[in-house]
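Same chain, two partners: subunit A is paired with subunit B first, then with subunit C.
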Partner chain A sequence: MKRILSNKWHIMVFVLPTVLFFSFFVIVPIVLSAYYSLLNWTTKTKPTLEYFVGFRNYIEMFTGKGTSFPRAVGHSLLYAGASVFLQLPFSLFLALLLAKGVKAEGFYQNLYFIPVILSSVVVGQLWRKIYNNDYGLLNLFLRAINVETPKGGWLANKGTRLWATFVPVLWQYVGYHMLLMYGALKSISPDIIEAATVDGASGPTMAFHIQIPLIKPMLKVCLSFSLIGSFKLYDMVKILTDGNIGTEVPATTMYREMFKSHNFGTGSAMAMFIVAECLLFTVLLNALFRERADGRTLRERLSGLFRSAPDALPKGADRP
Partner chain B sequence: MAQATTRQVARPRRNSRQSRGDIIFETIVVILLALLALIIIYPLYFVVIASFSEAKAVVAGDVIFLPKGLTLDNYMECFKNGDLMLGYKNAFILLFVGTAVYLFLTILCAFPLSRRDLWGRDGIMIFCTIPMFFGGGLIPTYLTVTKTLNLHNWAAVILVGGVSTYNMIIMRTFFQTSIPFELQEAAEIDGSTPFGTLLQIILPLSIPVICVIGLYYGVGIWNSYFSALIYVSDKNLWPLQLFLRQILVNADLSAVDGGDVADMARRAMRAEIIKYAICVLASIPMLVIYPFIQRYFVKGVMIGSVKG
Partner chain C sequence: MRKIVAVMLALVLCLGVMPAMAEQHEEVTLTFGSIWSSESEATRAPFLKTLEEFAEAYPWIHVEVDWNEANAWKDKGDTLASQSAMPDVFYWNAGGILKALVDQDQIMPLNDYLDDETLSRLIDGALANMTFDGKIYGLPYTNACSVLYCNKALFEANNVKIPETWDELKEAVEAFKAAGVTPMTTGGGDRWPTNMLGDILLLRFAGDEVFRKAVFKEEGGTFMDEGLIAGANAFAELVEMGAFPDDVAALTRDESEVPWHEGKIAMYVMGQWEGGNLAGKEDFIAVAFPAVPGVDSANAFMGGPAEEFAVAAYTEHPEEAYLLCQFCAEHLSKNGYISGAGLPCWKADFSEYEDQIASITRQIVALTNEATSFLLWGNTALEGEDSELLMDQTLLLLSGEITGEQFCENMEAIFE
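And then the complex of A and B:
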């Protein structure tokens, strides 16, 4: 017995490498970022308390002369909105269609997932070509049907550049969210679907009253992914427009601040802002879903057996 | 109605109330799905055919369904410029070493967390979810790795990439739901150490989930280039993506330096087309193994959504 008891301590050791790893590469850097964000740290100064400036960096990044950070934050919120209200519903729609069992279900499902496994460098290059002013697919198509193409190219034109930057990201990850939702839909017990069918549910009724409520935990995961992904959005924007004026997002502005202007203090403040933004939305999302779960509706009681499923899921995660 | 009934007998999977409306609906669904498939697949197909075409034809917009002026020049250019073979070799080593390290750590961490007899399980779990939401910011990480640890090689890339909590949770869920805890208890009463239990009981029963997670990590490592870019200074250690990136940069440079205007324009055009070949080269390994691994992706999601 004593041996088994000592085993309990023994297995703690297994977690140690990962915990140390996380501490060293995630927790410590966050703490350091918080510290640096309070310093006036440029190439001329050093990260010591001598250059402590309090919250000046935070004020500067929003109100400083020529700062683009507020605009960048606006863009990221806009992108988050697009992701939540366009991309996710679209993915859900696809997942529902596929889970219903169309012909060649597996084929479509594989196909939609292909962009996800491609590197964002490749997808970025691909879309730059699609947008190319002279021979891009998009313009060729528009010219063929006699529609005017934007002046200066999609990624440079004032009216189109922001959305032209967002579309490739949305395009790339539609399949990812679809797959997550599809997996969840397929995990619903066939008994429930059958029972609902016997009761006369089909099509939209089935989707809205049975399937969607049952995959709520997965929807929450998707929402977390897309929100956090929105705030951290970087590589695709970097490749498409380099985060130039009109298409900047917080991460591109932050890197610019650090590597071009060498304002490490302000850059760290921006990093902290992104962390705070993610935290805020995670908390909001959790609150939203908790409230919904308490107000038990008929369909949730119907699925009483499976209601406990939410706990199984992570509260959100990075894109693998 | 009679027709509907026979249909039901013929195809038992279909809904019993199959009517004309349903058939129309299904047709629309199929058209919609196919259209979307086209939107996704055509750009990718276009990259492939463009990479085998003459630059002139692509720029003129003549390449639409098939390559024009079939040529391997774009690929030749790539292989001429960089040490692509070295790049492939490095990328594969990095891929295997990285995946192995992450898998090892993920399994080690998921195992205790899957056991209800772990003390402080909830606390450790919460701690592990923090990295899912917040990256630490580049500067402090960079300083930690290069200054404190003095790493400028693959170790830095692997350390910075890191274990994914999401994958760890999937793994833990699998351990919890698919392997009875009693089995582990029995083994330990028979004198097995926890490590022995992990090695002899858990691992043999977890091959599918290990494949899934390994694939997730593999794809991630293959597609990452940014950490290699900032941490690996020795060119002999560069993975493929960095060499490809260098070709891109060189192609742009050679497009602007010297020569007459026509020559410059021609080179600029070439530089554009070479990018197609680069896209193909960078994606080939993933696209080749994708058909074999795709079913595991769905499996991973389904494991993750089982009650744990």
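And then the complex of A and C:
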């Protein structure tokens, strides 16, 4: 086996199917989209160099008359913000709570994960019913406690429609991030937790100084999923509002531009923007989370600190 | 004796061979992209009957139907077209929506298959919205129009007059509001039902000629016309009066129709196919949308042959696909009329079905017999982004976010 794996040609043979598959289904479509995004391709023209317009589509999607793409990008950034600052902290809170060892831990794990296994269509329809003006649970509850409900309904009112569209997506994926973080928390060596406990760490101190730093790689994964998911959000918005005015996101706008307005060139430019946006934020995240040059991981640094540096103890903690 | 036996054997042989001769057609399977996936769709039953009749007439052609919800099919069809993967035969809208597919070389012209005898069975002008540069890109199965459906029982119970003029419509809205009854509904979230309501208001206030020039972008066409602005303002006024459910802009057509079918809503503007859902329900009647005094548009209608069956340009079985397309268009025209789901656009003798035709369908036929013109719905007549703009702007009117003037100003973008 060792002899086989030491031969580069053998490795190439094993890797080739994946490389071909990845190239054909990921790289080629992206390259083609980039090409189409430079063409004035509509129903009346063909995707040939004869209709090459350079970066005109990229300019028009932001500055063209009546374009809704800038607004859609703004909405996706808002949603990304909500994911990072609301969804992930809440998921982390739940994960820390569960990892602490509550009663019926397994039951809660499954309970929070149920929305993730449901189809977005089901979740979307469910929330449409929750938001319904006449029989929706939300309005029934608010009316019962004499709170005014938004005029025009949650999904149509100018002030609520965008957030009403985001809430179901945030809700659906809380369980997903929670499970990832919970798995990472559970994989922390009990020795470290025990050492920190002996050193007096507990509750928030344990969470902020021991557990969260140790699951940093998983937090990075969650952040990446969350940000990329925000920029390519489509299904739930389509089901809840069909991406109608005031709730459009880049993917729904791109879809309409391509398949309803039949501006395939501009639609491809929007698609390329979404790809570039996802790549950019992935690179930024990587830079943000990059390990220090000394090459030691956080865990190594932390355990080293606990072994040798009393001043590294959490504030207020006493040596036993 | 030997001769008799020989003759009998020959006869038996012939009888054995005859069925084989009759089945000389090659077995063919065609795909059919259809809407009417929901059991509640009035056209579903007559379409199923039509498919049964086709299977009987052409047993060697097998049809695999891809059922879709109407709005979902528009999305799916557009996506399939971008990959040149449309079914062999499929439902599609006429006008600008069809033109977009024609421009993408997705649809087979039917001229080579249609003979004069077949064409003569169509009503006059039936192919106008599906013919481009002399090529026929589909066959209609219904003569569409939108009308105002009224829940007569609610009108009687609340002592409200069925409106015949715009002022009477406003009075009816006020009266129903005062009685705690929702006056009207529409599916704002799906956009096209709202567009149907907006169109008829624009038509009534501006007249056929002005609105036609605008939606077909003809020379001299503009939305900055007094009549069109008045029509858009009338829509805004209805919204302001609270004529619709509070969350109307978020409702899909299906959701908006639930309380209507439950008898909780007084009026509803919808296509003739809604008559199929109301057949046999004596509480409901169909009337022409209220007239606007001083404007010669009282008997002008939105609609005409606006829905069709088309054949994919790349079908592997063009002859069989044409047979299916033509058969379904003509037979659904008849079956749809008998069941109350549509008005016929193919000539046929309906005398033996008189008893079966619902009274609401007869009312619609009587209304359209008086029609002075039929104008294709704006979102169907306009192409691509222009159609999208019209639907978006109408939704904004329904949401109360823009005025009639702003609607018309924004719609001027289609002429740029």
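Note that in this section the second predicted complex is superposed on the first by the 284 of 320 C-alpha atoms of A that agree within 3 Å, B and C clash if a C-alpha of one lies under 4 Å from a C-alpha of the other, contacts with A are read in each partner's own complex, and residues count from 1 in each chain.
Keep this in mind: a contact is a pair of C-beta atoms (placed from the backbone, for glycine too) under 8 Å apart; a residue touches a chain by one contact, two chains touch by 3 or more.
What you see is a predicted model; the values in this text were computed from it and never measured.
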Q. Just from the overlay, do subunit B and subunit C fit on subunit A, or is there a clash?
A. clash
Q.
With both complexes superposed on chain A, which partner does A:T18 reach: first (subunit B), second (subunit C), both or neither?
A. first
Q: Once the structures are superposed on A, label A:L142 by its partner contacts, choosing first (subunit B), second (subunit C), both or neither.
A: neither
(Q) After superposing on the shared chain, does subunit C or subunit B touch more subunit A residues? (A) B
(Q) Taking the superposition on A as described, I'd like to know which of subunit B and subunit C A:D242 touches: first, second, both or neither. (A) second
Q: Check whether A:H10 is in contact with subunit B, with subunit C, with both or with neither, and answer first, second, both or neither.
A: first
Q) Given the touch rule stated above, what does A:F264 touch, subunit B (first), subunit C (second), both, or neither? A) both
Q. Touch check for A:M218: first (subunit B), second (subunit C), both, or neither?
A. first
(Q) Applying the document's definition of touch, where does A:T197 land relative to subunit B and subunit C: first, second, both, or neither? (A) first
**Q.** Candidates 258-266, 312-320 or 366-374 of subunit C: the single one with C-alpha clashes against subunit B
**A.** 258-266
Q) Can you list the residues of subunit A that touch subunit B in one structure and subunit C in the other? A) 132, 134, 255, 258, 264
Q: Would you pull the subunit A residues touching subunit C in the complex into a rising list?
A: 42-44, 65-66, 128, 131-134, 151-156, 158, 161, 241-242, 244-245, 255-264
Q) What residues on subunit A touch subunit B, complex-wise? A) 3-4, 7-12, 14-15, 17-19, 21-22, 24-30, 32-33, 36, 94, 97-98, 100-103, 106, 108-115, 117-122, 125-127, 129-130, 132, 134-135, 137, 140, 171, 175, 179-180, 182-184, 186-187, 197, 202-203, 215, 217-218, 228, 232, 235, 255, 258, 264, 267-268, 271-272, 275, 278-279, 282, 308-309, 311-318, 320
Q | Residue ranges of subunit B touching subunit A (in the complex, touch as defined) | A | 13, 15, 17, 25-26, 29-30, 32-33, 36-37, 40-44, 46-47, 50, 58-61, 64, 105-106, 108-109, 111-113, 115, 117-120, 124, 127-141, 143-144, 159-160, 162-169, 173, 188-189, 193-195, 198, 216-217, 219-220, 222-226, 241, 245, 272, 275-276, 278-279, 282-283, 286-287, 290-291, 294-295, 297-298, 300-302, 304-308
Q | Partner subunit A, residues of subunit C touching it in the complex | A | 71, 75, 78-79, 82, 99-101, 103-104, 188-191, 245-250, 255, 259, 383-385, 387-389, 392, 395-396, 399-401, 410, 413, 416
